[in-house]
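What follows is a structure written as structure tokens; I'll ask about it next.
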Amino acid sequence: MSDCILCGAQAQQGSDVKSGADVIELDGVAYSYGGGELLSDMSLAITPGAFYFLTGPSGAGKTTFLKMCYAALKPTSGALKLFGQDVRTMERNDIALVRRRIGVVHQDCQFIDHLSVADNIALPLSVSGQDNWDDTTNLKELLAWVGLSHRANALPPELSGGERQRAALARAIIMSPDIVLADEPTGNVDWEMSERLLRLLLELNRMGKTVVIASHDLSLIRSAKSQVQARVLRIANKRLQLAGANL
Amino acid sequence: MSALFSTLAALFVGDLQRDRVVPASGYTSTLTSLTAAAMAFLVVFALALSLASYRLAQDWSKALEQSATLRISAPVEQLDAQVARAIEILETTPGVASARALSSEEQSDLLTPWLGVDVPFDKLPLPRLIEIVQTPDGFDPQGLRLRLTGELPSAVLDDHVRWRRPLVQAANWLSVLGVVAIGLIGLTSGAMIILAARAALAANAQVITVLRLIGATDAYIEAAFVRRFAFRTFIGAVVGTVIGAGVVALFPGEEEQAAILTGLRLSGVEWMWLVLIPPILSSIAFSATRYAANRLLKGLT
Amino acid sequence: MSALFSTLAALFVGDLQRDRVVPASGYTSTLTSLTAAAMAFLVVFALALSLASYRLAQDWSKALEQSATLRISAPVEQLDAQVARAIEILETTPGVASARALSSEEQSDLLTPWLGVDVPFDKLPLPRLIEIVQTPDGFDPQGLRLRLTGELPSAVLDDHVRWRRPLVQAANWLSVLGVVAIGLIGLTSGAMIILAARAALAANAQVITVLRLIGATDAYIEAAFVRRFAFRTFIGAVVGTVIGAGVVALFPGEEEQAAILTGLRLSGVEWMWLVLIPPILSSIAFSATRYAANRLLKGLT
Amino acid sequence: MSDCILCGAQAQQGSDVKSGADVIELDGVAYSYGGGELLSDMSLAITPGAFYFLTGPSGAGKTTFLKMCYAALKPTSGALKLFGQDVRTMERNDIALVRRRIGVVHQDCQFIDHLSVADNIALPLSVSGQDNWDDTTNLKELLAWVGLSHRANALPPELSGGERQRAALARAIIMSPDIVLADEPTGNVDWEMSERLLRLLLELNRMGKTVVIASHDLSLIRSAKSQVQARVLRIANKRLQLAGANL
């Protein structure tokens, strides 16, 4: 299964990604949490600038798949490469560095509860040593975009469910990462807000970023497909399938 | 030394931006400070006890060295010869450092408390006393008595302060006990600080997960926690040491007390030992937290 | 007593179903046990020190009571009268418990070490010695000397063991210090156990939130935590006490040592004190956890 | 705003609820987290056996509203009665007892992480002293219904997002409570599963239980409305509005 060469966003791909090289490459990847295999024999090559949806019933392994894509889990068999590096040979430090190029929206959004929302969103910059980054403009813009300007100084536990998801998305994209992996980013927000978040992700994609979204929100997927050349992957019977035009 | 210095330097660079990711306060960090303070306080006490009993053992040893006398009674004309012979024998006895006959003035002084100055000592047929200075191990009184009976049947060995010897051993032992206590306290503090650090790390599991998620290196995370903990411990240890030192300073010192106890108070250069407590305790905390953080991080992805 | 009993009973009802809601292990609970063990161990030591120095003070006080003598030199015919008069004066002196003239045999015994048995004591014009038994406070030697000079110019007051008095005070003081140390250790344990309990409660904030959400009463939640903690502390304290007692049992006892130190080892009924340590420490834990749990719960809905 | 007297489920209402009495009654309720008022002047009477949806944009106060309904938050002004008891006069112990009659599905489902999923679901029984309850049948049935039979012995952190939500729902209903309050119970599950969960809630409602669901899933609401006389409340501009037939 290889990526579509017609993908419109490829032309503007991020400058620090080797041209043409796949950003995520799975080759016969399988995963098991200890019992039977949850995912097996998955092969896929995600080229820079692609836009993917990941669907499948609850418990199919969507989150597990995404966790492998940011090296939080290592495949129990098969080879997985991130930016051309095989995760099996990656040291803990390499993983940390690779993650700076991957923005992740976790399904249960996790924050540092004693830091304000704004500080949490800016944290990736501090962690990667970009403390001097001009946060007064960019951060404010980002907060406005996800509709959290008025909650910037709140603590994460004081946010509503949807506000947490938006904050998590803001944190994931503040570093302008090469890949954005989002796990149910619109699970707790209403239709208008999820449209708005989708627009944000589409814009990132237009800038050449690769986007992978796990979601079971069919209307979101339909809406995205009407705006971008998005591919829909489905996890069923432990395998990865490319869903057809009809979802 | 330079490692210690850089540790201390790292401790005092203040609340760096990155350190904010670790909550500034919390029960476990208060607990860490308190543990360090309590432990430092106890170390000061144990140190004072150990040093005082060491001094006591020294003093008593000195007293023991002059604790034996040999009394020779003989007709006046034979007395000098017998005394000379006794000294010869004593000087070849193992455990005797030196032996010396007391002058008659010294003998009178010894008796005055009992007899007053009115008794005509010089006219009495007084025995002669020989003072025996012993080596720290002392001599074997039974063996010496046997040797003496042959040549000098009138000689009486009076080893009346010999009962103090076990006391010296006890004091020495107490001093060692103090050192052992310090060691134990060190180990216990280490264990408690490790546990407190782990508890704090466990309490901050989410912070660590989030940091890993957004690409923080192990070194970054470790440093934030390690600094926080070593600093907490240092502050606690300083407070504990100062309070401990204050209490020890209230102890009776040598001036006010008679020779035997020689005061629990520390004296002179001994105070310098206390300065070492905070850096040592915070080094323990430093390694303990580093170890705990390392172990925790290895378990995360 | 019945409250203590029911506490202990509650501790040993085992791992009730409901107690499973509190995680069985964890760094903070290990820390609690260790803190209790360390504190119990130290309490045993402080107790031994306190009791030993109390005994020491008692012994020394006794020695002090017979520490003064009055020496009367006079022509043989006046001697008895002067001795009788001296005793009269002494008996009206504040701080003197009793006074008694030594017999000539007692006096000879005192001199034998210095003069041997050959000296004809009964033929000498020896002074008479009066033994003064003092009250614990002792008398004022200057005042007594002044009173005596008027009527009995030959009387010499020998207060030669008086220097021991500050030592007795020091020993008493050491004993009090031991008790203060026990108090301090108790307070510190209390504080540490409170903090450990709070840390554990904070670490289990989610458990508490969930329990409140599904309709658990405060009493239910409190009981689960309090039992766990009191039990942990009890186990820790038992271990600490047993180890402490083992070490104290290795100390030199009275038999082997001479009178002054009288041994750091506990004797007889003193061992019974140790039995109290675990229940007391776990009562502290009991109240501390209850207090911490109460405070935490009040903050939740 | 009073409850519809035509409500079909009222006939079968739970036996331990006073007949005709409102289970939740709001009278001029307002709430503020400290800043301005978030919710104001809300009046509503929910009769036993009613089925409500609660919608509104993210951050409008849906979770806050539900929290007041199980006395986790007390109104800053106005009166709120649960089963006829005024929450202002309720002691902490009363609140605990009232909660045993209210099943809550929290937005961020919280579990006791060292107890198995089955134990977590059975926990309300243990807490209310019904330890001898026959868990071998009822619990198993419930687990099967929410599709968690195969995960019964797993620990909560090992569950997928959707599995957590289903477990939370199972825990909320195991006591057969008089009221079920569910905050986005289908935020992380696919369409089939959310239909199934809805059927479970509808069945409870038919047994006379009152159900209030906060959700922004319009298709779920439409589906429910086709099966039951469900009312849709909307929080907008700090007020509670009854949405019309057209959502």
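For reference, chains read A, B, C and D in written order, and residue numbers begin at 1 within each chain.
Operating definition for what follows: contacts are C-beta pairs under 8 Å (C-beta built on N, C-alpha and C of every residue); 3 or more make two chains touch, one makes a residue touch a chain.
Here the structure is a predicted model, which is why all the values come from computation and not from measurement.
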item: For chain D, the least number of touch steps when starting out from chain B; value: 2
item: Computed distance of Cα centres, chain B from chain A, in Å; value: 63
item: Between chain A and chain D, centroid-to-centroid distance (C-alpha), Å; value: 32
item: Rounded Å distance, chain A centre to chain C centre (Cα mean); value: 69
item: Chain A: positions in contact with at least two other chains; value: none
item: Contacts with 2+ other chains: residues of chain C; value: none
item: Category of the chain touch graph - line, ring, star, complete, other; value: ring
item: Interchain contacts (touch definition) - all pairs; value: A-B, A-D, B-C, C-D
item: Residue numbers on chain D that touch chain A, as the complex places them; value: 33, 55-59, 62-63, 107-108, 147, 151, 158, 160-163, 166, 183-184, 187-193, 216, 218
item: Chain D residues within the chain C interface of the complex; value: 70-74, 92-93, 95-100, 102, 104, 106, 110-115, 119, 123-124, 126-128, 131, 171
item: Contact footprint of chain A on chain B as seen in their complex; value: 17-18, 20-21, 23, 206-207, 209-220, 297, 301
item: Parts of chain B lying in touch with chain C, wherever the complex brings them together; value: 26-28, 30-31, 34-35, 38, 42, 45, 71, 73, 107, 110-111, 113-116, 118-119, 124-127, 129, 156, 158, 160, 163-164, 166-167, 170, 173-174, 181, 188, 191-192, 195-196, 198-199, 202-203, 252, 256-258, 260-261, 264
